[in-house]
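This structure is in structure tokens; I'll ask about it shortly.
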């Protein structure tokens, strides 16, 4: 753990975000957001991080089963068809309201907003219709995210198994974790913050079983993510609840304020093990969002390759 | 076009497939199939194909709208939630029976079988249950497909715009296309066969609007894919109908016979344009299937990077 | 067929509807609409129509299968659960976008509107939200429709099998049919207009396979339904297309103008046969809408009892 | 409360059911089950119970919202369409896995079975397929249930507000309730057993929030329902858990053993109030199941008319 530091006030956070948001940075009509930081050169460089060729998924299983933190389970149903002579096949139907705590998914830029508006200052009353999102929808990112990924392993840094309710992750701790891991974060990177959710879930209660009380990241992480100038954040736990700030989206504000792509409910425990095994905390990351025109996000399977 | 060659008989095809299928090649319990050909070294090599860093999606738009070749359209519905003070967000619900002609998706090894059984000889009556697929389901491929992709551009080779009903693609033509493009296919590659579907759809009728009459690939392509020892096939058009062979799965037999990962309804027109622009027909390909435990496939967004 | 009469102009129809709509008739806040005409006494009287006790369904089968007039098929998927010792059960999942031509369903008062507004003059921009309908939703009718039903059998009157594109049903014909059947329509009745759809579908093409050309009812039926002061309309075919009037909802205007409950895609061929067999054209009708709070309608199974 | 009586053993219950089940009673191929008891004459008589004409719904609201006893909430999503000039409409999409504790629904005869088989002795391995139920599916009842309904009001009989975990409802109590209410149950009746669920839910916890501990009916009610020779059972609470008998379906056995139509999660509190107000415990009941071919049940809205 890092030494305690005084927390900012709500007003200081709001002021910081207003002063530092990326609106207009890539033009008023930009819907790529921080993915603009992933230049062609950045992609080439990301591929050169691959040395052993080992790949692994950062996706939790498609959540079909009801659970205290899975109030609207995903649906999967089977079909079978016959095709003579003596042949056939199987099909299935999948349905999901994927935003939430159980399915690994990506949030498009239209997913959240605050009093000042959506990404780049757009008005949700104009852009979010009964039919679809007309601004910052997931299809804008259909060419995929291919960049350098960096894991920040909180439990290892702390010497524990997982983040608990009384020990939120602050922005300065993320800095310290990076330093202790000897990894330098670069613009356009995807930062994966591992909080030990799977271990926490095994010991129970399930993360966000109580939506009003759950461990996670403090709003001071906002400043860290902004200064890191990252393109993407992946996490297993996210905004702690409750917070002392009374902000609608303490850390999820990275979406509308900084244009950052957020992958919620990533599976990071196996990644942490591989990072330790490989002796490095950076890797090539690919996230290929489904081309859902007007969608607010989608299921994804982020893959790390070493 | 290549010079006409005599077609094999149904029996010759069946015999070829039986004699050359990959069952047991990677062990009786193997569920990776031809993805075994993508070794760590193959992945490393694939990343080294990236030179300019240009990425593009090979996914067609999520098919919400009814169409003659989209009899069971995908569903996407919006939600909006409020979070005081003056903040909020949007969510959506997605549902799809994705196998078919309109959505870009991947077929798991359990998707098809013939009289001899599923991949590796398993019995569909045992493995396909009302709940899920217990063998060859898509979650087995959750660590993703990262390999060398090769585009075979049929319209360019033929000097036309798209493959028509009376000019099916034969295996020997695929060989000739590769030669003419100066590209050598290697084990574990992903082969993308571009037939000009988008151009065909623009001139109409939509591909597979009539499920019994549609242009595509002849069963002689089976031998080509087997000899190429590819891991993956992507295509915009696939098995021609009708065929002279009375086979249940003329070309889709690559799934159960060879263990090949098949990406149906890929969007290849933009890829063909980029290949011409970049002056090369190979690239790094990533396909990251969703971790649907027991699923028969899933929506995917294949991404090519040059 | 009745003798041809001159058609009204668009303006005459619009003027008629404006002058005769039921807005305010049962109070400004009324959401029951013409179901107010089904008084307790009307219900008692309806039950007294039951003499032989014969019941039959007026519902078409749940439309799971794609068809030219079923662009968004209903979904039904099976589950099975085990419960030791040696016992178990089956469940299923049903999903449907039921408005359209194939599923027998009821339209709530919020289903349609024109330039003057929804039922009772409400503004759809206020009442239809991304979450639900807040005015005229189907739950307002949860206590059910129990009233006298009257069948008007067009094919029998005409001596044909079904209504065709060039012989629309006019309001004066409905009057003539009732007279010829010896049936007097009373306020609050449910009028079932049988056009012979099943016979038409058997000879093809399916009704509304071409959404722009289909046989059905002319807008002159509006006046008939208003003068009949019916509570409910059931039909197998409805608004003919094209019409000479350029009205957004030629006959479906009964919903927002008169507050009439409309049951679309009713199965009336068996009812016509029973009416002939029983020698009468009135019966007790029950329609019990599902209590979908905020819904725009629902699947129903109207049942006629003689 | 009635005086305690000794409980039967598991073997006695099994033996009673085996000796008294209705298999073969209406023929080996019968799929109507106890609805055979609703003859034409029974229907006529049911209509004559209507005296004041008052109707009310016995359906709980469509359960869209997650809750401890609603692990798979129903889905409803809105659409809006425009139709010039200045007109339009609203539609919605509904999806539900309706079996369970929250949605008012009917169980088809295929819904449950025990070691001896399904209704009429059929084998579930033959009749329940991945596609649908081929025996005892809900479409067999599409002509509806129109019969005499009888309410048995347990809280009123007991002088309490609702049935609790430690006071299960036994068969002999149902007899006593009927006697105390002065109502005679007749063959083919629909019996509505009111346990006070809504009051119990208001005081919490929600009924079946814990699936292993919930108040309800004891298996001795089986004998009562069989001797009553009822066609239909409606209830707000059903099989108590745990039971002393280790039976897979203590009271839900009425489905496969006696062929009884069961309406789960009926809303009976308003009915109890109306029965008291009207001073009678019988009424006309209509239940009109949706014509879902091969379905295991469906949502219903039972309507009582006095």
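In this document, chain identifiers A, B, C and D correspond to the written order of the chains, with residue numbering beginning at 1 in each.
Operating definition for what follows: contacts are C-beta pairs under 8 Å (C-beta built on N, C-alpha and C of every residue); 3 or more make two chains touch, one makes a residue touch a chain.
Everything numeric in this text was worked out from a predicted model, so none of it was measured.
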Q) Between chain C and chain A, is it the same set of residue numbers doing the touching on each side, over half shared, or a different set? A) same
Q.
I want to compare two interfaces, B-C and C-D. Which one has more contacting C-beta pairs?
A. C-D
Q. Rounded to the nearest 5 degrees, what angle rotates chain A onto chain D on CA?
A. 180
Q) In whole angstrom, how far does the Cα centroid of chain B sit from the Cα centroid of chain C? A) 46
Q | Between chain C and chain A, distance of the C-alpha-averaged centres to the nearest whole Å | A | 49
Q | Geometric centre distance via CA averages, chain D-chain C, whole Å | A | 29
Q. Among the residues of chain D, which are close enough to touch at least two other chains?
A. 75, 78-80, 93, 95, 97, 128-131
Q.
Can you tell me, using the touch rule above, whether these chains form a line, ring, star, complete graph or other shape?
A. complete
Q.
Residue numbers of chain A touching chain B in their complex, please.
A. 39-44, 47-48, 50-57, 59-62, 64, 75-76, 78-80, 83-99, 104, 110-115, 124, 128-133, 139, 142-144, 146, 248-249, 284, 286-303, 305
Q. In their shared complex, at which residues does chain A touch chain C?
A. 75, 77-79, 93, 95, 128-130
Q) Can you list the residues on chain B that touch chain C in the complex? A) 66, 71-73, 75, 78-80, 95, 97, 130-131
